[in-house]
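For reference, the structure discussed in these notes is given below.
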């Protein structure tokens, strides 16, 4: 969508300001509204989420977010900002731009959770690529009991119970949005491909169902 | 460029025009750093505070803040932002711009249903009976990550940050007056007794440090 | 996502992984399970995973499993034993003269090998990719995002909270929430063969040997279809040998293994104590 298109679609929706030039102000108003919301949000906001809050079509919000991002990045003729808009965990959020992180250290409270153990990381990788997956299936891939690691991952909010298998009664796990945020990616599809490393999974699953 | 020169040039010139000047990169970098700090600060920051943390003369910071303010206000040729820099209580802070507050109001009323979720109630119950308690400790009692419900409870004013553990850096939470009012009791001691044989946070390993 | 990030991430991870490899409660000795051990042995001998010199790796593996002595370790060792048994099978097959006859047992052995290697490859894949996770998380944890408490005046805009719980209901909720949940255990029985008691097998053996006085190993396992029982019987024989209750005779390498009873050395109490090590 071009800027002009946004101007057209939002021209009449500006709730506050009106003057001689309705069209550009409509756009500016939408951009300002989206910026304002991004300023107060405490979690990454999806386009759909913002659209619902502002009661505005999704494609207009998408265009507005993309314009704001470009703007912060200095692609719209102005200076590159000390902050940027990033899409992580399925939503948009204002971050300090990477090359200015040195400046903010003092102002950020550091409550960094402890690093995950190697076992927890490997288990997380298995869940990420094989979700939904039960503890039994994870144990069979890892060769060891994974109860304690799964509990750690649950309390860290990195995985969640997705559903219980109606036949076996086994709980199936999957990754969360927090997981995506912690990795700095937007969707599971952003994970590096693992298939080149793997043998054909069809040869492996049988042993578990014996 | 001397400090005074920056102060002078910023009075009339847009930052994008400073390209003609000898040390534009220094300026842009300073602007970015100040912006980054203001973007993450929870409280208004004085010019002196920012100057000290960036190890930069006060008048340069003053000039930078003034440029950023003008910039956000749309006085430097670019769009007026949905946020602004406001001086309150002797310091500077990023606020939602007044004419975009409607967007935040819509967003906020959309976010908060009138009833607490089951997860929020359970977390509140744990905090009420085990305060002061950290998020990690709550998580290990509830077996799931509680970051987002704790945020909800904070924003509802039902709990508050009591102190930060000096060793672990973990914030400890407790209930508020608002909580007591909702439950119709005067002090925490009026809570009905529960079984003494339930997990105590002091005996729990913080799930985050596992 | 830029492709080179992954590469950078992997390189970067070298330093990080050092700190993260310790402290897991289920670690058996230094290894997190049989695949971990097998992988490290393969890399120690600088072997390709698809072209393992079985003798070396099997010897090392068995030697390691022997060092697992405490009850706790043995409790966790069942997976090790399954892998050990497979490796032993494969090693024996390698040593046997190659005939033209392909019988069902050979095929089963090949399948067991393929399955073991496929599982090992799979394990390695996840192990390798986990370094990407570690690095991505480390990099992301340095990022700072805006997270500023909502202004009081906006907070007042939210719809009034509707509170419905009495203090008694609230107390009950607290109690229910804080009562530790019974963590459903992983049913390992449907994954692996059911646990086999070495003591039970030892008792069985004693009965058989008392009757027969001397039997070949082939006879001892003659009727048994379950590999876990075979392993358990084999371990039971070793235990009985350690107690000097039985003796072995083998004329030549890979020849028939004859197990003989030495009843004069037998003490019933030793047998009941024997099982204790293996019970969980």
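We just call them A, B and C in the order they show up, numbering each chain from 1.
Rule of thumb we're sticking to: a residue touches a chain if its C-beta (ideal position, glycine included) is under 8 Å from a C-beta of that chain, and two chains touch if they have at least 3 such contacts.
Note that this is a predicted model, so its numbers are computed, not measured.
Chemist: Taking each chain's centre as the mean of its Cα atoms, which chain lies farthest from subunit B?
Modeler: C
Chemist: Does A-C or B-C have the larger number of C-beta pairs in contact?
Modeler: The comparison resolves to A-C.
Chemist: Please find which chain has its CA centre nearest to the centre of all protein CA atoms in view.
Modeler: The chain sitting closest to the overall C-alpha centre is A.
Chemist: How far is the middle of subunit A from the middle of subunit B, if each middle is the mean of its Cα atoms, in Å?
Modeler: 20
Chemist: How many Å are there between the centre of subunit A and the centre of subunit C, using C-alpha atoms for each centre?
Modeler: Whole-Å distance between the two chain centres: 36.
Chemist: So how far apart, in whole Å, are subunit B and subunit C when each is placed at the average of its C-alpha atoms?
Modeler: Computed from C-alpha means, the inter-chain centre distance equals 47 Å.
Chemist: Could you tell me which residues belong to subunit A and also touch two or more other chains?
Modeler: As it turns out, subunit A has residues touching two or more other chains at 39-40, 42, 83, 94, 96, 101, 104, 108, 112, 117, 151.
Chemist: Residues of subunit C that contact two or more other chains, please.
Modeler: 144-148, 150-151, 154
Chemist: Please give the residue numbers of subunit A that touch subunit B in the complex, ascending.
Modeler: Per the touch definition, subunit A meets subunit B at residues 15-17, 28, 31-43, 52-55, 71, 76-83, 94, 96-97, 99-104, 106-114, 117, 151-152, 154-158, 160, 176, 178.
Chemist: Taking the touch rule as given, give the residues of subunit B at its contact with subunit C in the complex, in rising order.
Modeler: Interface residues on subunit B, with respect to subunit C: 36, 39-42, 94-96, 101, 104-105, 108-109, 111-116, 121-122, 125-126, 128-130, 141-143, 154-157, 182-185, 190-195, 198-199.
Chemist: Under the definition above, what is the set of subunit A residues touching subunit C in their complex?
Modeler: Going through subunit A, the ones touching subunit C are 39-40, 42, 83, 86, 88, 93-96, 98, 101, 104, 108, 112, 115-122, 124-126, 128-129, 135-136, 139-149, 151, 168-171, 181-185, 190, 192, 194, 197-201, 203-204, 207-210.
Chemist: If we count contacts the way the header does, which residues on subunit C are in touch with subunit A in the complex?
Modeler: So the residues of subunit C touching subunit A come out as 1, 6, 16-17, 19-28, 32-36, 76, 79, 83, 114-115, 117-119, 121-134, 136-148, 150-151, 154, 183-188, 190-191.
Chemist: Where on subunit C does subunit B make contact in their complex?
Modeler: Residues 144-151, 154-155, 157-165, 167-168, 170-171, 173-175, 177-181.
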